[in-house]
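To keep things clear, I will list the structure first and then write my remarks on it.
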Amino acid sequence: MDLLFFGIAKDIVGKSQMIMDFGEDSPNSVADLKQALKKRYPEFSKLTSLAIAVNSEYAKDDVQLKSNDEVAIIPPVSGG
Amino acid sequence: MDLLFFGIAKDIVGKSQMIMDFGEDSPNSVADLKQALKKRYPEFSKLTSLAIAVNSEYAKDDVQLKSNDEVAIIPPVSGG
Amino acid sequence: MNKIIEIVQELDTHSVYQELSHPNSGGICVFVGSVREFTNNEQVVALEFETYESMALKEMDRLADAALEKWKLNKVVIKHAVGRKEVQDAVVIVGASSAHRSESFEACRFLIDTLKRTVPIWKKEMFKNKSVWVSAHP
Amino acid sequence: MNKIIEIVQELDTHSVYQELSHPNSGGICVFVGSVREFTNNEQVVALEFETYESMALKEMDRLADAALEKWKLNKVVIKHAVGRKEVQDAVVIVGASSAHRSESFEACRFLIDTLKRTVPIWKKEMFKNKSVWVSAHP
């Protein structure tokens, strides 16, 4: 699964973009993806919030992930 | 009494500055001056409000007028 | 100097951010009042502003002090134009800068609301066939 | 075009009044966010902003539409800077113009408050001996 990382999420995984192989646990939904990330990188559990964007829009937990989606990991925003 | 007029007050009396002779009725206070003006120019009674400034500060009705004061007639302000 | 008070013929909207900028300010709020083309569906040709300048400057200064007392502000700007102004011309600029944004918004709103009530400036609306001193009559 | 949406390296605060000016607007409210020298008494050397640009532009556009729907506005501006910003640099400009001033103030406040909650932009505070992603942790 091809993922984009920003802000502190980039620091946690060490890259701004990576293809992540979840093996058997390959996540089907946004909720699954959050779970899988927190399992692999416990630092994600310590953030104030964690959101997922699918094709550059915020995606709710029940959104299903397709192989050609652009999926981004959105830690707490702090613009302005 | 030397008076300054602004905005619609200037239009009512026809001048921006004039020495007004009130004769026997020469006003001693701000309240008296308002009365005297409304008596001589009934148009002043039709305004939304009428204020008097003495030495370039708003003056309450009970302020006494001295001969060397700068006295201005302040119709409803409408800046901004 | 933490306040800038001016009555001018032509307002410069370009410099106001720089004037309000301050190392301790994270928020700057500016309000600009400008000439609208229509008032109650009547086309405005121009506005004419006149002032009792010595008193207006005193009242504007007092207004800035009131804002500086009410909120923790680093800078305050109050500027008003006089003379003939045409559609889209700026007629008034007020602004405040502060550490956090709430104060700058609240102070800016207070500045324009109070200015309109207290500062001796008068506006005449020039229409095609008449002119009216704004707010003079109920 | 009634909305101007931009993510840029350098914000230009000079042009915003002109961009918001409109013949039907009597009120223009602008908020500028800038870099403060101190956060909780710690001296800030600089801020670093990064963004997910395609998504941020979409969110800013959606934000402008929400304001245009909520209030009767003639123009809306939303601009954010990215990259390294030093003390007193402008990092965000939002503004709205409308017939009357209340709408412009309310819309401007809504724009900055909502932008801070929803637009994918991240700010890192650079202190002398450390750096911190703002709001990342509770």
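Read from first to last, the chains carry the letters A, B, C and D; within each, the first residue is number 1.
Note that in this section a contact is a pair of C-beta atoms (placed from the backbone, for glycine too) under 8 Å apart; a residue touches a chain by one contact, two chains touch by 3 or more.
Note that this is a predicted model, so its numbers are computed, not measured.
In this assembly, the chain whose C-alpha centre lies farthest from chain C is A.
Chain centres here are Cα means. That of chain B falls 48 Å from that of chain D. Centre-to-centre, using mean CA coordinates, chain A is 26 Å away from chain D. Remark: chain A and chain B have CA centroids separated by 72 Å (rounded to whole angstrom). Residue positions 33, 112 of chain C each touch two or more of the other chains.
Among the residues of chain B, none is found touching two or more other chains. Of all possible chain pairs, those that touch are A-D, B-C, C-D. Put simply, chain B touches chain C in their complex at residues 4, 6-8, 11, 46-48, 53, 56-58, 72, 74-80. Residue ranges of chain D in contact with chain A, taken from their complex: 33, 49-52, 54-56, 58, 80, 91-92, 112, 115-124, 133-138.
Of all residues in chain C, only 13-14, 17-18, 21-38, 87-88, 90, 99, 101, 104-105, 108-109, 112 touch chain D in the complex they form.
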